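Common to both upcoming complexes is subunit A, partnered first by subunit B, then by subunit C.
The block that comes next holds the complex of A and B.
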């Protein structure tokens, strides 16, 4: 009861204050950026890269068929620049890992097949046909587009190897299987030797959705960390903590009610950012579990920092260093090649990863649950420490 | 209600003591005053008694609870009015009291009634942030009465208030005294100490110099002073002299013999004069 009324009181104070609206304002700005400044798919026409390990005559025969049907047409050959890149792919079936690392830029020529809509004649996609498998793989990962190799097996059956980014929907992967299983002749061969490889990043997220984890982590957990401190320092300024300390209610109730206010605010702000962009796709139960546990951990970290200082100015040094540290993992988010192991120890790293897993179709629920647990336990420890510290420093 | 034995406190945990080896007892129903100049250690003592400062050294029981052990429930019986007002600026006067009341396990008083009592009627719905310093102080004072405290801590209850409001506050304290509330009151105002306290402790530099009733103090030190106004070189000169002091006695007869006396009467010493006599220092 005391906790509830304390929470209601803190909510009232927050709603009449400045920081609450700062938090919501930032969330709205982030949403506007996502909706209006970030295109859903920068290049909405689909691209694919092919290597046909087949006799030329066979390739041409396939293409001729498509051209006759009016679904494809030849375009001029293209010069493609292969930028330096490093990536890893796993064989879905065997789990085998292969690393690719290219330091040199390379220019190759590809035959270009344009796919057209038979009714409108509009261009719907482009297929680049490369003359070797390696370039095809490299391009498909550099461009984050699907890649495929077609070849013949010993018995003369067609065999397909797909190189996927890992963010294709399950539906699409199923489709690939179904597509080649239609023909009973292909079935055995294609199914048995089907090698679907995935790259272990991103998810089913388009470029707009890909930013949601970052924005939610920032407007959510990280803001919670700052704002809880702002609230505590406002109270220290007003001296109301002292008044609280001479009641039968315990300090932890005061601290927890503050934390609950932050969690409420962050639930609202993260919803503002996430729901309009992601729609009904994510598992919101998991999403809010993660929002609440991560915010709890960050808010309690804020409490602990606040317990050591008299004022925001005094806490500024610690704050500055912490803020930079907490933001570092965002770099790795944008630069996949920058992912040192030590970065994983920064608490924002699993926050970003966790949100990614939640928003991606078929994401790693186990990861999210595990880190929800970690943040809950970590937050509880920080909370206990903050509580001890606050009991001692009430008059400071 | 309060028992303090050999209490010392140092903010820096060193030899500089804000409170130095003080002992006193406060009886049930009594109003006990701490009188001393600013920086004497009054608030420090109150903050230790109310648990805001950790007890470092000494034996202290408050309302029957040993301060060495944590008993949050003791606050159901305790009310604290702070020297510096500390209410939520973002909450209205009434909300401030309403939410504070919820923190107690005992029956609490009606916020509206308390607001009216301290002369803030009509301001119930105004946010405390818009209040003047004096109004905030009154709200802080009103809040300390919410839980009908048996033991009431008042740190400088009238300081900074205009005289009319100070009078209201004094009336409220007297009213509570009649109801049997035990009070611990700190002040640097001798009139407050004189008018409201059953017993007064003189405190300076963290040490208690004396504890007695204002009446005894005046009996002992009072009626021994003579105010003389006389004319010297066409100017009126005023002197206050002690009738018990040999040097002063001589001076009195000198004045009487040499000058034209305008007025001359013996008077009761004020607590401040007694304070100066006892401690050698004034109250400011």
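The block that comes next holds the complex of A and C.
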């Protein structure tokens, strides 16, 4: 009963304060960003520069095939500015080095071919076809994009010269070599005959939906980590702690009521972000269970870190460094092929993956339940430790 | 006047040292710089991850290892379990006379194309030798992903400068030192400059150390300092406004999120928006600063473009300053 009345009192105070509304305001801004600034299937910024030293009919034949298949389309010609620049190029086979130095700015016109995702209609890349090889090389260097020259040798065989930046892996370079080892028709026939089976055990999130776990995890769950200790120090500065010391309530009830205020705020803000974007797709029972357990765990972690500090500014530095480190698993979330084992030990890793499992159709419920349990148990242990520490420090 | 400003600066350094926050703010970018240096090689080596059977043809396994990261499993069930995990791993398993490519269904299109292409090349017996391709290299060693991360780190450090000011002002208010300063001969402008020096200097030092750690010591330092100082001016003004507008520490802590939003938004806009939509970010000075830093770090910057970006940051900063000036004056009174 005391806990409940303490929680209600804290909620009333929070509702009168600035933080509660800023939190909701930021959730609304994030929602607006998701709805209006992030496309469901955004266009790719990927570029490549080509020079075809081939008869026009041959160039057109290559392109027409892609256009007929619907994977490419012509766009308006583009005017490109070539800035003064100097660089060197090494032939990887012979080691021959060539220097280029351009003092003048130059404007050139390029034909533009856009590559399209047949399912979503979004751009997957843009190819600029230039009339001059040197212009193509300048652009490839300046724009840090792949460049290529296609020509015919004396025997009438197609030759490809790729201009790479230099940081590409050996695997990538080997792939370019091997791609042009066999007759393109033989390769295309083999490619088309490959048997592909999809397990279809896991749905997908579009670009907009894919950002929801990130926003909810970092702006919601992880924020409790910051804010709970701000509440504690604010109470300390304003003498609330002194007043609290003469009441019959215990320290743990005070700490838990503060944590519950954070959990309530995060439940509201994460709902603002998630419901309009995801609609009825996720299992909301599971979603709120995960929001509550993860927020509880991070808020109690914040309590424990704060218990070692005398003031907010002192605690803030440590919390900030910790918060930045906790954001590292976002790299793995966005680049699934980058998933080192050590990154999985960061608590935010299962938080991000857990939200993803909840939002996606056919997500792994067992994973979410298991980590909800882990965060609940971990949060409880941290809470007990913070309680012991605060019993000694939260005094008159 | 200069002497008084310097006193404010030294006093600030002492007090922030006592609170250790300046140390954390210097330490955070350095820690991240070390993390980026450790991360970057792994981030760049992201072609495709394949899962194959241990019982597969050794020639097939060896072939795939030339072009992809390969993991080996005992049976088909183990392969499918691996594919079903959260990361992008594609299985290629023997089936009949050939192979079957097993996908989870949520992979990036390029992962599917890449794995199918590799198996096709194996089946037709293609090797890197006797190729009709020639590779020319510009000799760059730093991948753009690393440049992006370091640029984000610079933006974060600029944000930290604002944060340091905001927290410092809130502490000054709590300790009533601002009122006390009003009865000293020090002008409001002197106080603002003195306080800004701490945040600015701490952050600039962090940026310089972070760039050295991440291997960007060969950049044009004049350009880095120019863009760093101009973008920091804005961060400091925002820090002042937020510090003065915050009645307590919880408001200041919440305001940190507010500084974070335009910075994060500018980075996302610059990196994700296609060229035809980049204009939608022109309102943000952080966008111009990020763009300038991107060119400086990738060593493609020229002075006219850097000056244009810096000019835009300055113009937008001045606009923010004139809007915020009455608030700053009122807050300091």
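What we mean here is this: the second predicted complex is superposed on the first by the 233 of 396 C-alpha atoms of A that agree within 3 Å, B and C clash if a C-alpha of one lies under 4 Å from a C-alpha of the other, contacts with A are read in each partner's own complex, and residues count from 1 in each chain.
Quick note on the criterion: a residue touches a chain if its C-beta (ideal position, glycine included) is under 8 Å from a C-beta of that chain, and two chains touch if they have at least 3 such contacts.
The model shown is predicted, which means the values in this text are computed figures rather than measured ones.
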Which holds for A:162: it touches subunit B only (first), subunit C only (second), both, or neither? second
Of the two partner chains, subunit B (first) and subunit C (second), which one does A:383 touch, if any: first, second, both, or neither? neither
Using the superposition on chain A described above, determine whether A:287 touches subunit B (first), subunit C (second), both, or neither. neither
Considering only touches as defined above, state whether A:328 meets subunit B (first), subunit C (second), both or neither. second
Could you tell me if A:225 is touching subunit B, subunit C, both of them or neither one (first, second, both, neither)? neither
Chosen between subunit B and subunit C, the partner touching more subunit A residues is C
Applying the document's definition of touch, where does A:338 land relative to subunit B and subunit C: first, second, both, or neither? second
In the overlaid three-chain picture, which partner chain does A:22 touch, first (subunit B) or second (subunit C), both, or neither? second
Contacts of subunit A common to subunit B and subunit C in the A-superposed view 17
Contact set on subunit B toward subunit A in their complex: 47, 50-54, 72-76, 78, 80, 82, 84-91, 95, 99-100, 102-105, 127, 140, 143
Subunit C to subunit A touching residues, read off their complex: 19-21, 23-25, 27-28, 31-32, 35, 39, 42-49, 66-68, 80, 83-84, 86-88, 95, 98-109, 111-112, 116-121, 123-144, 156, 160, 163, 167, 171, 174, 247-251, 253-258, 261, 265, 269, 271-275, 298, 300, 302
Please name which positions on subunit A make contact with subunit C in the complex. 17-19, 22-23, 26, 29, 33, 37, 42-45, 83-85, 87-93, 117, 123-124, 140-142, 144, 153, 157-167, 169, 171-182, 186-187, 190-191, 194-204, 219, 223, 226-227, 230-231, 233-234, 237, 311-314, 316-318, 320-321, 324-325, 328, 331-332, 335-340, 353, 356, 360
Tell me, which parts of subunit A touch subunit B in their complex? 1-2, 5-6, 8-9, 12-13, 16-17, 238-240, 242-250, 392, 394-395
